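Two complexes, one shared chain (chain A), two partners (chain B, chain C).
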Partner chain A sequence: MTRRRLPEWFVLLLPAIVVIAAVVLIPLIFSLYSSFTPYKLTRPSTLWRWVGTYNYEKILTDAKFWAAFGRTVLFLTVVLNLELLLGLGIALLMNRVTWGQRTLRTILMFPMMFSPILVGFQFKFIFNDNIGLVNNVLQSLGSDAALPWLVDGRLAMFSIMFAEIWMSTSVFAILILAGLFAMPRDPLEAAKVDGCTPWQTFRHITLPFLMPFIYIAMTIRSLDVARAYDIVQIMTGGGPARRTELLWTLMSRTGYVDARMGLANAMGYVSILLSILFTIYFFRKLSAARAEIGMAG
Partner chain B sequence: MDRNRTHRNRKRLFRLLHLLAVFLTMSVICIPGLWIVLNSFRPTVEIMAKPPVWTPSFTLEHYRAMFGGAGEGGVPVFDYFRNSLIVSVTSTVIAILIGMSGGYAFARYRFRGKSGYFVGLMLFRAVPGVALSLPLFIVFARVGIIDTHFGLILAYVAMNVPFTIWLTDGFFRQIPKELHEAAEIDGCTRWQAFWKVEFPVARSGVASAAIFAFLTSWNEFALASQLTRSVGSKTMPVGLLDFTAEFTINWGGMCALAVLMIVPALILTFIVQKHLIAGLTFGGVKG
Partner chain C sequence: MTEVNLANVTKDYGSVRAVHGIDLGIGDGEFVVLVGPSGCGKSTTLRMIAGLESISGGEITIGGRLVNDLPPRERNISMVFQNYALYPHMTVRENLGFSLRIAKADAAAIRTAVRDAADILGLNELLDRKPAELSGGQRQRVAMGRAIVRHPDVFLFDEPLSNLDAKLRTQMRVEIKKLHQRVGNTIIYVTHDQVEAMTLADRIVLMRDGHIVQVGTPLDLFNAPVSTFVATFIGSPPMNLIDGTATDDDTIRLANGLVVPVPASARGLLQAEQKVQFGFRADNLMPAGHAVQEDGEMAELDLTVTLTEPLGTETLLFTDVAGTEVQAKMLNPRPVRPGETLKFHLMLDKCHVFDAISSQAIRS
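Then we have the complex of A and B:
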């Protein structure tokens, strides 16, 4: 009897599949199971009690959860859109720079390489109401009130969004700039000859060409939107009075502070679904946009 | 004549505005980082001064405290640095080996459900670190590898593999197939063809994938904050938290540690930038 040999591609992929199965898939299956139990870290025996969809029903009827969920969606919508617009703007600016472009591009990449936790600390310092840079500058310019950046709910949300945008706009700027560099010159010149206004040229020639690059950036971003957790955790910890609580901070509070792992895992699944939907959506868009301009193959 | 001049003035104004916009953008990007670096060299009294002191004085107090003895405020920065280095380097090496073989499979072989496999792998990368840390924490505690380098390395390898596959897939795809076919005709085995012909061509790309993986591990917080407990395994992002007490934060010491974290990252970014962009744009779901 001869044993069928595994195909080569599968052998090559096997280590990756094994590692991911062991470290991600199995824990995820475990957390799926535990989300149907009242599991508490302090009482291990609770892991074996099956309560069905009780945890899910509980979070779906919990106003705090929905507030955090809504805030997360709002946060992502605002942040991703602004990052895209700013990134596009910066890329167009950089594309016109005639000298020192390489240096500027390198500087542009720096925020990408900052640890999210560091970004959080950095802006916690800068937005500090007492000794922070922002308030110091404002006061030196003659404003007498110290703005409570991280203490007031709205201002805190603004500060967090600012930090997040500061950190991640470069992803868009860099990739869109790469798109601009790769762009063929002929259609642009043809449009000029045909009398297109700059806006028309941008709207109908530049933008469609940039779409795949925008979707690549979106896909990469959607892979790690949850990094915002680090920033929020450091800057406000979800406070003041849960005004900046996002899905991820609520989850970690429920899991680690309240030790209610079953409930936290149920929330975890909601957040995983959210991330996966984002990712699949942009992957699809990416393939479609690539096919459109003939980059697929 | 007159129209010419207004046209020229308009153009000049436009150039000026453009320059101003570039300058503003660069300031917003640079100032937060510079502020941290600057403050790591200022004495604590000056950082806390009210009204603010704008003319900075220079001191190495925080660095001296950080590297000397037990570390500033008892924060064992040196141990954290060592842990970060061990965990990041080891997990990067393993992730690159695994990711490279996976990327090669995607770039060179045709098989059913290829894009399905690819997106599937990416989805595992999309799982939020916090959500994954909950079950990982329990599982690792059961297995007994919590608070060890090994556990953290394992987690980071799994985290970095999908993205490494994405990048290396892109780089191998750019190498024409004819290259290894020619090598095989000349009598190389498939392995030799890969190792002697294709790998050297893709080397810079693989290096940039490695640097990206290294930075991801170097910067990671959500998992590390739960999977590490003691000085023996805490990494620097987690160590940064040691500078915060209930109501006070040792800003100077924190800034110094931050600089220690940024510098390697910046140097690596500088080396890698060109290849990284190429890898991201040409890899991914194609065919």
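Then we have the complex of A and C:
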């Protein structure tokens, strides 16, 4: 009797396969499966009831879900664009600094070193309507209205965006700064000789060169912001009255507070579509921009 | 009319002075080449003219207008850079038309100008390519095309050929010269290659350590170098220099006791016992029977050949005069074996004498 031996490459890859299966594949399959059941954490037996696409149909007609979806898209759009503008501005300024630039770069990274939870607490305090820093400053400047920063829906959304931007603008700044460092100097000088004003040089030469770096930052940040959870949870908990509810706070509420895990997982799969679409979009833009400046590949 | 004038122009980088008070007048339509060893301040000077470096002292005028504080875009110059400096995200067509687009020329005018430049430089097939899809020589052409579309007052070239292989370099050199004959603009051209300088220039400006050493036509510099530096920098092979001492009867005693007459141009200018360097070019030391026929004073030397470099129409012979290795030239060459001793003619009228301490030429 001959023992069949596994091929060597397979044996060598086996540990990796096992680990990936354990941490990625199985949870993925499990969560996908559970999104087709009415699985409730409090009643494990519900895991074995197949309800087909019931959860997905429910989501499609759920106004709360679509409100959170829309709010997340809005949040993404505003935050990414502002971070881009601020990050670009900071990087351009930093690029002109000749003295102490390393120190400045390190300082720039500080916000990224804090846990988002702590950033949430910090801004929860800063924007608190009674004891918060902002209102105190406003009052000492003579305004007597205590603005309800975290209570009014619009203001609360603004406050959360502010915290998110404060924490992560440096991602853009650092990546764009890397682009500026890599930028060849000759074309800039050629443009000056060709008659460009500083603004025209930036617009026609610098910016096209930075676009790939900007799209990389966009991709990273869009994935990051699309799963925004901690800051929102700490600052407003998605409230008041769900007016700052984003996809992930809604999902965690559905899954853990309402204990409807099957539904929450279905929401997860729908919202991942959002991230995938953003990623595809930015990757397309990225390779177009790379081809544009001759970095094709 | 576009003259360029530099008056006492200096450039300091921090406490280091890179250019020491240069005075230079360049005439309308003149082709001037700044040449010198690497690091002597050629690019810095050119970039100050372009407006890419600030001017630490002195004045630069272009067409009579003081430009010290004008940005490059207001100087009406074009520049061709060593690394081409093409815009990587634009096609050749866009590269060529960019300056006109910035100047808000209308589309038809841009098309015509781009087509004309492309015709002159043979770029018609390449107009829709990006710089990454071009060879070095083609990029160089585009860089030149970009400089000429705008009809600037002055062209500035900073070592435009140094990234090309030898053959292409020779070819492009000819094209640049043709271009100048065709458009007739003032050109200031920087290179470290004396061959480029000799072949292209109406006038050469030889620089060293931030100073101008000599200004003149290529033949001026070749025939009447003001110092040993010029004598060895210009011309290939470099001028042979032999240590010697002046005597009081119009001769120079070379290191090993060999005595040669003082060349006519330096006669009467030497003091007895003055330490000198005696210089002559390979073209002026030739084996008897293989030399150009010339009248004038000659010295006859018997020399042993140590090495030969056949070049076809001539052969360079390495030999030894008074303990110094020198190069001689053999016309209509026949094979020569190392170790062979030949009778050489040294054309004294073409020899030079330099002061050994100051290295300056002694010439009436």
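Note that the second predicted complex is superposed on the first by the 264 of 297 C-alpha atoms of A that agree within 3 Å, B and C clash if a C-alpha of one lies under 4 Å from a C-alpha of the other, contacts with A are read in each partner's own complex, and residues count from 1 in each chain.
As a working rule, a residue touches a chain if its C-beta (ideal position, glycine included) is under 8 Å from a C-beta of that chain, and two chains touch if they have at least 3 such contacts.
Everything numeric here is computed off the predicted structure, so don't read it as measured data.
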item	value
Chain A as common anchor, with chain B and chain C clashing or fitting	fit
Which of chain B and chain C A:Phe209 touches, first, second, both or neither	second
Chain B versus chain C as contact partner of A:Ser143, first or second or both or neither	neither
Chain C, chain A and chain B - angle at the middle CA centre, rounded to the nearest 10 degrees	80
Which of chain B and chain C A:Val24 touches, first, second, both or neither	first
Which of chain B and chain C A:Thr279 touches, first, second, both or neither	first
Touching partner for A:Thr53 - first (chain B), second (chain C), both, neither	neither
A:Asn81 touches, of chain B and chain C: first, second, both or neither?	neither
Shortest span in Å between Cα atoms of chain B and of chain C, once chain A is used as the common reference	8
Residues of chain A at both interfaces, chain B in one complex, chain C in the other	296
Residue ranges of chain A in contact with chain C within the complex	184, 186-187, 189-197, 200, 204-205, 208-209, 292-294, 296
Chain C residues within the chain A interface of the complex	50-52, 71-73, 77-79, 81, 83-89, 98-99, 102-103, 130-132, 146, 150
Chain A - residues contacting chain B, complex	7-10, 12-13, 15-16, 19-20, 22-28, 30-31, 34, 41, 90, 93-94, 96-97, 104-118, 121-126, 130-131, 133, 136, 139-140, 166, 170, 174-175, 178-179, 182, 213, 216, 219-220, 222-227, 229-230, 233-234, 248, 251-252, 255-256, 261, 264-265, 268-269, 271-272, 275-276, 278-280, 283, 286-287, 290, 295-297
Complex contacts: residues of chain B adjacent to chain A	18, 21-22, 25-26, 28-33, 35-36, 39, 47-52, 54, 97-99, 101-102, 104-105, 108-109, 111, 115, 117, 119, 121-136, 138-139, 154-155, 157-158, 161-163, 165, 190, 215, 218-222, 226, 237, 240-241, 249, 251, 254-255, 258, 261-262, 265-266, 268-270, 273, 277-278, 280-281, 284-287
